[in-house]
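Just dropping this structure here.
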Amino acid sequence: MMNTFGHIFRVTTWGESHGPALGATVDGVPPGVAIDEGMIQHWLDRRKPGQNKFTTQRREADEVRILSGVYEGQTTGTPVQLMIENTDQRSKDYSEIAEKFRPGHADITYWLKYGIRDPRGGGRSSARETAARVAAGGLAREAIKAIAPGIEIRGYMTRMGVHGIERADIDWEQIERNPFWTPDARAAATWEGYLNDLRKSGSSVGAEIEVVVRGAPAGLGAPIYAKLDTDLAAAMMSINAVKGVEIGEGMNAARLTGEENADEISMGPDGPEFSSNHAGGILGGISTGQDIVVRFSVKPTSSILTPRKTITKSGEPAEIVTKGRHDPCVGIRAVPVAEAMAACVILDHLLLHRAQVGNGPRGTIG
Amino acid sequence: MMNTFGHIFRVTTWGESHGPALGATVDGVPPGVAIDEGMIQHWLDRRKPGQNKFTTQRREADEVRILSGVYEGQTTGTPVQLMIENTDQRSKDYSEIAEKFRPGHADITYWLKYGIRDPRGGGRSSARETAARVAAGGLAREAIKAIAPGIEIRGYMTRMGVHGIERADIDWEQIERNPFWTPDARAAATWEGYLNDLRKSGSSVGAEIEVVVRGAPAGLGAPIYAKLDTDLAAAMMSINAVKGVEIGEGMNAARLTGEENADEISMGPDGPEFSSNHAGGILGGISTGQDIVVRFSVKPTSSILTPRKTITKSGEPAEIVTKGRHDPCVGIRAVPVAEAMAACVILDHLLLHRAQVGNGPRGTIG
Amino acid sequence: MMNTFGHIFRVTTWGESHGPALGATVDGVPPGVAIDEGMIQHWLDRRKPGQNKFTTQRREADEVRILSGVYEGQTTGTPVQLMIENTDQRSKDYSEIAEKFRPGHADITYWLKYGIRDPRGGGRSSARETAARVAAGGLAREAIKAIAPGIEIRGYMTRMGVHGIERADIDWEQIERNPFWTPDARAAATWEGYLNDLRKSGSSVGAEIEVVVRGAPAGLGAPIYAKLDTDLAAAMMSINAVKGVEIGEGMNAARLTGEENADEISMGPDGPEFSSNHAGGILGGISTGQDIVVRFSVKPTSSILTPRKTITKSGEPAEIVTKGRHDPCVGIRAVPVAEAMAACVILDHLLLHRAQVGNGPRGTIG
Amino acid sequence: MMNTFGHIFRVTTWGESHGPALGATVDGVPPGVAIDEGMIQHWLDRRKPGQNKFTTQRREADEVRILSGVYEGQTTGTPVQLMIENTDQRSKDYSEIAEKFRPGHADITYWLKYGIRDPRGGGRSSARETAARVAAGGLAREAIKAIAPGIEIRGYMTRMGVHGIERADIDWEQIERNPFWTPDARAAATWEGYLNDLRKSGSSVGAEIEVVVRGAPAGLGAPIYAKLDTDLAAAMMSINAVKGVEIGEGMNAARLTGEENADEISMGPDGPEFSSNHAGGILGGISTGQDIVVRFSVKPTSSILTPRKTITKSGEPAEIVTKGRHDPCVGIRAVPVAEAMAACVILDHLLLHRAQVGNGPRGTIG
């Protein structure tokens, strides 16, 4: 319950940053989905650290092994275990981290809650846990293909610190062409220098990421606590360092009038069409058939070179400087994680929909 | 599963806008909590429509009845049924609404999903459903008092359309003194004229609401999918018309550097203290003991007098004007709803914490 | 979670014996199922007390009201609230029951667990709660008809105290023709005198009930904890006074050899056929397409006229005699309850199956 | 959901008989429980095949590895991954098994449900899955010790085929002294010859197992679907080959009168005492403080040397003889599995109880 998400397609992640391994136990997988380790590895490689100077230099092979639930290249309908061994558990002196609390880290809350914590690399609160989500997302993508082909899930960065993208310049072709997964080529150029400066000065910066699900059928989601936007918001908020989640207009909806926010409806060749998408593709918690648009913020990592005030376990005042292999903008690596979470949620709702309603949308128009 | 939230304290709401009744079935209630209908009615009265010219003129008594789970003024530990009968089901011609889809309404998605919908007053997608949440929240508040006295939960409006509050002017004493639940007296004055104009012109406007949980112990929440921020985000996003949710800095975290975002730690007389609260009282999904700060946006209601383009069930183009009893700023009534949702989530995590860890925080400092 | 069962079709019951009402909140109902109160009342009437001298003389109208989730005679896919008001809350002196614990009753365990209990008629532990299950089962039956027509669910008594039925004499036509729901006409005759004697002497007796699900497709159920037999066993064991549950051979399987227990397979015109049904229609937790056979025992009610030793709340020794309106064989009224539980479980697995696998069985033979 | 059990202490098992590994993902583990691999291995060794001539000769090291959730010998409160690698995946010709269905096996139902199955050693339906449960049970036992010391959980065989034990001869000291885990030394002697004959003739036989939980506090369990007996029944029924589950008197309760079945109450030095335990330690789904007594039957394995009629995947009639390493009485190895399941359920209810009610029973007597 605590480390699990999903209604039917249920993903339970396990593992710590510096334990022997981590992974995802995935239940509710439809049978007969063609899958192999390479297909999942593809997505893990996108998330893998150490690929350029802007992501942590920790070197992890991040090789996934499928330990169960797949026979002769197909899912069997039984639980799929996706395991990633931790290879770079380099010996390190954790005594300072074990004694002092790092501002902005979960170490103080884990300590206060459990009375015990694994100080090695953040333990369970480390962003390494997200590798398991990416693996599960890779499996979800293949199941989606089998059930609802034509769905595309794209994530990209829309802001790094003070620099946002120009919405008019969004070009999905650009996403893979820069180290920031941004669809705005000019933003990429600006960000390169900006982040280089931050990195050199030992600083860090926040980011904003957007995920779009294109081609999802109308009718996914359900009142009240299985709303599609509720589940997407929870999925994104559960990612490390996320502090805000938006659907469509998001927080900006507070500023609009009803006239400004209206998405007028007309009849297109394949069904209803909308003049705009302020709703982000979801009305009343149920998908409209438009692009589903989710956006979230990632806070700057608290691992910076500027000394900060803190306390020790025994309550003494102290200063702390976080050295080591850290990302100046952790938001970059959140992009493939967010795509994976979106894939898991969409698959789950495809299954939940056919559970309750049967296959495909029920109501017809025209 | 679909209409339920919570891990231990589980609330299932049921009922439609114009059915005979609606309510909340609440399971996992701790036994021995002193409760009566008056204590729940108190909170329902705050949400009740028709209290001033800025909320819908529908007149509902919104009288709650406790049908089970309480004996001689105390909860027994068995399910509590909270029922509210719908008294104002005034006869009305729903034929236009039944035939045309309203832009921004859930009627098109309910139709596409289920192939059937209750057109009377929005059916299940109506904001009337939130009365059941407020009732459940009233019960949660009393259980919280019994388990963790000293927790205070306050919601208030921080923005109406283009007009935000001044954070420096926040004064909780003001919240009850204006029809907008805003803690900024000057904002209240501005909003009065602003909303009057919008109301007269048949327009509507969005809003931003903030909920603060003060006095919650450190240690509430758990990785990964029972994170306190995950559950709060889901709780708020599940409220009608909500499009964005923020914890602490929220979306603004994307703009900050690590130095700007740091909450430094020092030792206070009662435990750790923090120099600031960018985190919104939650680190790694677990409460720090600071104020827990959640914020969300509510879109403007789509019920406006300006005609908008839409289609009929048979796919024909049409125009629609929504007449009737509607709130120009539905965000106002979301304030008590959000407080109720926060109360339910906090109680649930108090119970979940003592399930896994026992009573109270485990780790000690100093 | 505590008062809920089902994966997709989720039934939460609420209410006490002598509270104002009780009911079932049913989520995950497929949309478009034709239903009205009369269709549910039909099943409630079968369970209703006071129909003959062998069931409690408490007179309850047991009239069900549908408060939500149905519009113009069809389910909408939103939660269905089924409420039954308690009309016969006849004033009675509960002071003795409130002070002394009744051997075999849940009053001592409720007290030890919660520190509070509703002594009126057993409160939540009363068999009255099963009326809510029967109502939910009535709804489940209609949904089954819509999804998998041809499924028949029949329950009947196979033993009353020392008198079992003759399996060779089973004739489903007899079930409705005697007050014991037994398919063996000769057993019915024997039981009449037997139970009359027990009733007159203020005694009580146990019973054995069997439920058969005929016409269910192969493929329902799933490893490991959504096995069809696991869910059926839990469903039956959750009924008041049930002490044992069997599938197919049941406890007798312990006495058999592999040769005796084998159900050989051959090919019939419509798929695989089996030479026998020791398995009770379930292999590896998944239905075979044969009759699904569940059996359970109901203990004799502890409400007897013979004085028994007990203690008071203050720990003093005492004697107790339970007077009042009690069934000499509560097993009789468990028959419609068990049918209802079976209907809920079967529907739930029909939905769960199409969630994961899509419509209908996947593997074909021949 | 499908491969998971438990409310708070949640165990998800994964893995197939002949895949690379299998295991249990355990969430909701209380923090600070002292645990290491040796403590879990102890219980796995009791279940391990190949220990005597009466259990399968497949040789599995069954070495458990803790991959997460434990730091420096203590649980951290995060998910514990318990993995057991399959070492004896001996190459074998599965072509016959892949083509023909084995009567009494799950292969036909898996095929009909999923349209794909792993024929190697039974795949997911193999009893090898129970190793994961035993590992989880080992962890549960240590957590129970920490939370409610003094609870003892013992399983033993009470019947093998036509030979039952004498209840008067039960002596727990005998359980470890014979290969059948039976507490009746004379039965053990009889069974040895009986089973030897069955084994030599290539036959198999069923068994009955009883599990007793001694020293559990009163107050565990909750209405209606978290009843302790409901959860225990489901736990046992989910074990491979189980066909019946009983609490206390079990199926025999159908034969008793109210006078015979009464457990009279008196006041003992430490609280209420009962003159007998027909109830099996549970009233109204909640523990009384007496021994909790669960019993279940295991059917004879269908793997026998006598040829049986079956069909092929293409629907042709065929005969099948199951050769290979099989247990003549699979019930023997079910004993440690059942103990493990009981441990998981009891721990789960200890946690659930303190979630809702706080620590310890609430109501006091005397």
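For reference, chains read A, B, C and D in written order, and residue numbers begin at 1 within each chain.
One rule holds for everything that comes next: a residue touches a chain if its C-beta (ideal position, glycine included) is under 8 Å from a C-beta of that chain, and two chains touch if they have at least 3 such contacts.
All figures in this text were calculated on a predicted structure; none of them were measured in a lab.
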Note: of the two pairs B-C and B-D, more contacts are counted for B-C
Between A-B, A-C or A-D, which shows the same interface as C-D, counting it as a repeat when over half of the contact pairs match? A-B
How many angstrom lie between the centres of subunit B and subunit D, each centre taken as the mean Cα position? 45
Between subunit B and subunit A, distance of the C-alpha-averaged centres to the nearest whole Å: 26
Rounded Å distance, subunit B centre to subunit C centre (Cα mean): 39
Which residues of subunit A are in contact with two or more other chains? 1-4, 7-8, 13, 28, 31-32, 77-78, 113-117, 124, 222-223, 352, 356-357, 362
Give the list of subunit B residues in touch with subunit D in this complex. 8, 28-32, 77-78, 222-223, 351-352, 354-359, 362
How about subunit B: which of its residues touch subunit C in the complex? 1-4, 7-8, 10, 12-16, 19-23, 25, 27-28, 31-32, 65, 67-69, 71, 74-81, 83, 113-118, 123-124
Note: in the complex, subunit B contacts subunit A through residues 1-5, 7, 13, 101, 103-106, 108-117, 124-125, 129, 159-162, 198, 203-208, 218-227, 229-231, 233-234, 237-238, 240, 242-267, 272, 274-275, 278-280, 282-289, 295-304, 306, 308-311, 313-317, 331, 352-353, 356-357, 361-366
